[in-house]
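In the two complexes that follow, chain A is the common piece, with chain B as its partner first and chain C second.
This part shows the complex of A and B:
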């Protein structure tokens, strides 16, 4: 819960001593009650928030209010009232919102995990209504993701930009290549896999993607390739299952792909028959792959008949050897399948 | 610190830690967290209550402080005095006042109006007039209305419908439609659906498995694939699994060891993982997780409301969740 605190600002003159603020009546934090969780303020913070309460009371919306709110949110980026009032003031003053975005750029990088930072940008984008600005925002998001590749707010904000502007010409086309680059850098980035699903399957159909069969082929090929690079990567296997479920494609259609991942020894590297449809585990991969075993067991279970005992064998190996932390889950699967088979 | 044979839960020490939070001289940390003040009090109160000593914190002072957070203009509670009303602070206030048997201090019709006013056309809730939307706020709204006995004023289908649209390909839920599955958001969506009696919206098998997959070999739980374990997920994940009646899928022994090894045995409190700095947030969720795991000496916790079960039972709000049986010391 600790927050970054930038103490590098110059010595700040108190608002109480600033002639520009002489016309504002500062209001103290509520007093009269001995709070159970007292807040011990620094002098600077107390002074600034006293004057904030003062201008909120009178409803003043002026340039000096912008300076004050910026000062407060720099000290405490989670002060949501200050953010809120700042936005209202920007609109009331008809301030250049693009400049506000730029001012906030460095800010956001410093306080990446603060909700308000992102919500403020969302409001600005909504008010500006410009695809140009949205293009710039996507580039900004790309930059901030470099410092924290899985930041939840950042990813969610990117999804909002894409959905809100829904621009086929300038916003959507770059997304797939972009997310591919990220997966190239870190194939285990769950946020990137989720984003891929969002772009490909959950945000309408792009003009050049109307052939859904082709899209499915492409996605399966992509995912299989990534699995061959990192056979135990949960995110890739979750993506695979998601694609199959979404397109109502039977898991069994991937049996020949999955099988080499379920055995202990990697395939003979001398085996020169390269099957592009079924890329094999890369050299040095840790086998058997647990997600592959789970996947194969699901195929067997869906078969029914003899498939059930094959599935049970796999689940037993997971419970007793490969994935003992989830023993109780695998024992549940066994019981459930045997019960269903009766 | 090794998690093999970790020390038992040192209840008296953690209670003293929570009591001492009011005396903290670190002004920087305090003013930076004023936006959490009411939520922090709820975390502290629930923690001491689950540890069996609700009265370790002064009741009257607390109730007065909560009431000093009332925003008369908006008809809700802010995070600390003078802060604008926010739905998260409002639900924390209602939870605190319920546990302190002081809900009679609240202008219920006004609070209900404030909460309902935050629902968006899509069914999700905003946190306040600032407009930030998140399934967390949807849960806060549903919880608060339920505890106040005014759930009937909510459009259930509209609210559950938004959660339905948040369901991801992996069976999980995110902060809003289109957002990545995350264990904390899974909790708020699952708990909200439990209160709304719409657990049928969930793909129980897929989500249950996704949640079970949060457990790492060392015993701790993470919030999404390939992320680090964190004590707070021992609540978010565990409570979701309790609601889905699949809590037995977690290796209870290893998770218990993980949480216990994250205690600060000098000054009290629990951290996000062993060796790190403690805070009241992780102290609550560590203790809450242990309660759901049946750890001896703790009170039963209702995983839907994250409050001691007896308060929820007294209001006739208990749903069909399942935790591990309480072990003898």
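This part shows the complex of A and C:
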């Protein structure tokens, strides 16, 4: 792994040969144990972690510990103990945390996928207690997500910032327009859909969203529009279901929207009246849309009575024809519905 | 497969793009193009390259890991768990081809134990829930009772104290001091506490509520929820009406952890949420239906060889064969348990029928996933030609994917579910005094009423974990029995035998002999 970070250390001098470190007793990883399945570390890594273990043992917290932990983290960003010790040292030394955050910008981009990179930032933000810094962080996260639009840690970090600082005027207002931009770029980005749910439904009520009926109408219109562009996009259908479940709105209220997506081919546009509330599948739509079929079956099942047999007919068509990979699941739905109907 | 799959309209149908491509659909299409070359060819059954994988694991165990594994330096106990459990899945015990590896494995694992409790990723590292889980699980495989056996060297009292020191006001736990909160860490903690007999109501307080708050609108679970609005640090009483939004979308890894954790807290839910003199404590609920649906939607189409993805609109990856395949097996087991309970209640009403016949009218294989298709993905796409398993072609194999592809293959071959008659047998042979004397948290004794409830929690946790058994006759082997791997316990990813061994020890129980389970009447279809 170290090859990737060589820019930070050409011919790094070993701590063992550094007079500044002469007062620290390095500690071997395994003493008296012949480890099975050992990792073949580089000399540089072994030396640095030997000194790290020595430091942990004495509990020293000094500026040189910051250098050492940075060096280890650059070689192995998943070394959570080095991160934690670094954080404790920063606090103990009363180090400028904003400077640390800036140093971290470069780390985050290099080591996007490690937990610790993001968690360290969270600790720093918690200690800094500044909305200004939170605003800066949102901008940083926006930039980062441009290169990796679905990075899990980055997204949950953003959500934590919003919830923790919870600043109505400075943090929340930009979220919805930004999500819309992201969905404009990639309507199938499920992380962006989840973020929309987090912002609109899960995190309290924004000042200008007090009229929940209106918010529901807006969200349904938005989602239907996105579904019409790409009717097989599971993310949009899941969001639609989520909104309906969350607001206890019956799926049946969308029957006329869903129907055209469940038939074999787009209906002749000539005979369809343009209905803004119920946008029709786009010209390129591959129909029937499986999520639409599933949705319609759920409407029928909720109806009960004759609805059940209509639902069963759809599930059978999914099991035997349209979605045979999930045959077992559709059979489970049939069994479950029939059992419940007894 | 013993019979050919029916030709249908969705055979190899590429994932639809609706004439509206986006970055996600482009990546999806490119991946399907790669996977197309790995579709099984008609007439040639796919083969598990068992010996190559054993060689791969042996090389790691005996020669160690190359320098690029420095990134796993904080996961050394995981490297051992992945390797040892890989051997177990392939049917290799530590005493045959890996002989003389038992003692060094135990020593290496114990060297990672932290003096203040729990295990770090390696010696001298901070204790952390994840490597603790890996160390305990690896010791379940390699260890045994007695001096030097590893089990009795686990400092359970200190581990318990350390667990409690990580507990948060909302019921969740940090993974380490100054670490993050998430459901992975919680799952790891619950497994350790269950295996080691240190599960207490104090530890479990608020855990079901926290878990429930991590289920997203998609039905799967996200990493954690945000608890600060409901649980304030200034000592005020919690505001249970405050929102607890989920951080991060539904994800295969977190969903596995939350699902298995939910199964592990069932005894606590049943015992401690019943009406109390102070009034009933409302039990939190999750949507099992939503969860079952989420698991089912994670299976890719035939163009993706039926592999599993970890999030909506993401790519299939061999490791989700376990996280999603194993999680779906947990749900299938929980659904079966409900079914058994319902059938049992009906039988009682009718005053008829002997035990063990409740399943007769039921569909035998009520798995949520297409098990043969998942096997195909592992066998055709996830095996690296040089040994070891991987995410997808053309990637390299690694220790992590090798285990989770094999565990997923196992979950797809075998059906391991709670067994009502085993549950009854375990209950009747339960020795409460021994179990209490072996309890490891060393917490102060409480009132008689609390003590007897705790006894019940201990018994039910033990019984319910060990009631999961393979249902004989439901195994399905794509490519034939030659590809068989061992069954794995869906809650632990250990063989049932290893789970039994370590739990019998720490609960001081002698396990009744397992009898072969009855063969169901209806042989399941092949595809």
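We take it that the second predicted complex is superposed on the first by the 324 of 342 C-alpha atoms of A that agree within 3 Å, B and C clash if a C-alpha of one lies under 4 Å from a C-alpha of the other, contacts with A are read in each partner's own complex, and residues count from 1 in each chain.
Keep this in mind: contacts are C-beta pairs under 8 Å (C-beta built on N, C-alpha and C of every residue); 3 or more make two chains touch, one makes a residue touch a chain.
Predicted model only: the values in this text are computed from it and were never measured.
S.K.: Evaluate whether chain B and chain C can sit on chain A together after superposition, giving fit or clash.
M.R.: On the shared chain A, the partners clash.
S.K.: Quick check for you: in the superposed arrangement, does A:123 touch first (chain B), second (chain C), both or neither?
M.R.: Touch partners of A:123: chain B and chain C.
S.K.: I'd like to know which partner A:64 touches here: chain B for first, chain C for second, both or neither.
M.R.: So A:64 meets neither chain B nor chain C here.
S.K.: Which holds for A:149: it touches chain B only (first), chain C only (second), both, or neither?
M.R.: Touch status of A:149: second partner only.
S.K.: Just checking: does A:163 make contact with chain B only, chain C only, both, or neither of them? Give me first, second, both or neither.
M.R.: both
S.K.: Touching A:42 in the superposition: chain B (first), chain C (second), both, neither?
M.R.: both
S.K.: Which chain makes contact with more of the residues of chain A, chain B or else chain C?
M.R.: C
S.K.: For A:284 in the superposed arrangement: first (chain B), second (chain C), both or neither?
M.R.: second
S.K.: On the A-aligned overlay, A:322 touches which partner chain: chain B = first, chain C = second, or both, or neither?
M.R.: Second partner only.
S.K.: Touch check for A:185: first (chain B), second (chain C), both, or neither?
M.R.: Only chain C; A:185 stays clear of chain B.
S.K.: Regarding the shared-chain residue A:232, is it in contact with chain B (first), chain C (second), both, or neither?
M.R.: The answer is second: A:232 touches chain C but not chain B.
S.K.: With both structures aligned on chain A, tell me which stretch of chain C collides with chain B: 1-9, 181-189, 235-243 or 343-351.
M.R.: Comparing the options 1-9, 181-189, 235-243 or 343-351, the clashing one for chain C against chain B is 181-189.
S.K.: Do chain B and chain C land on any of the same chain A residues, and which?
M.R.: 1-2, 27, 29-30, 33-42, 45, 53, 75-76, 78-81, 84, 87, 115, 119, 123, 150, 152, 155-156, 159-160, 163, 188-191, 194, 197-198, 201-203, 233-235, 238-239, 241-243, 245-246, 325-329, 332
S.K.: Report the residues of chain C in contact with chain A in the complex, numbered from low to high.
M.R.: 6, 8-10, 15-20, 22-25, 60-62, 64-76, 79-80, 83, 101, 104-105, 107-108, 111, 120-126, 128, 176-180, 216-218, 222-224, 226, 228-229, 243, 245-251, 290, 292-293, 296-297, 299-302, 306, 311-314, 363, 365-371, 373
S.K.: Taking the touch rule as given, give the residues of chain B at its contact with chain A in the complex, in rising order.
M.R.: Spelled out, the residues of chain B in touch with chain A are 21-22, 24-37, 40-41, 57-58, 61-62, 64-65, 68, 78, 80-84, 86, 127-132, 134, 168-170, 174-176, 178-182, 209-210, 212-213, 215-217, 219, 224-227, 248-251, 254, 277, 279, 281.
S.K.: Which part of chain A faces chain C closely enough to touch in the complex?
M.R.: For chain A paired with chain C, touching residues are 1-2, 27, 29-30, 33-42, 45, 49, 52-53, 56-57, 75-81, 84-85, 87-88, 115, 119, 122-123, 149-150, 152, 155-156, 159-160, 163-164, 166, 185-191, 193-194, 197-198, 201-204, 229-235, 238-239, 241-243, 245-246, 281-286, 289, 320-329, 331-332, 335.
S.K.: Give every residue of chain A touching chain B within the complex, in rising order.
M.R.: 1-3, 5, 27, 29-30, 33-42, 45, 53, 75-76, 78-81, 83-84, 87, 115-116, 119, 123, 150, 152, 155-156, 159-160, 163, 188-191, 194-195, 197-198, 201-203, 233-235, 238-239, 241-243, 245-246, 325-329, 332
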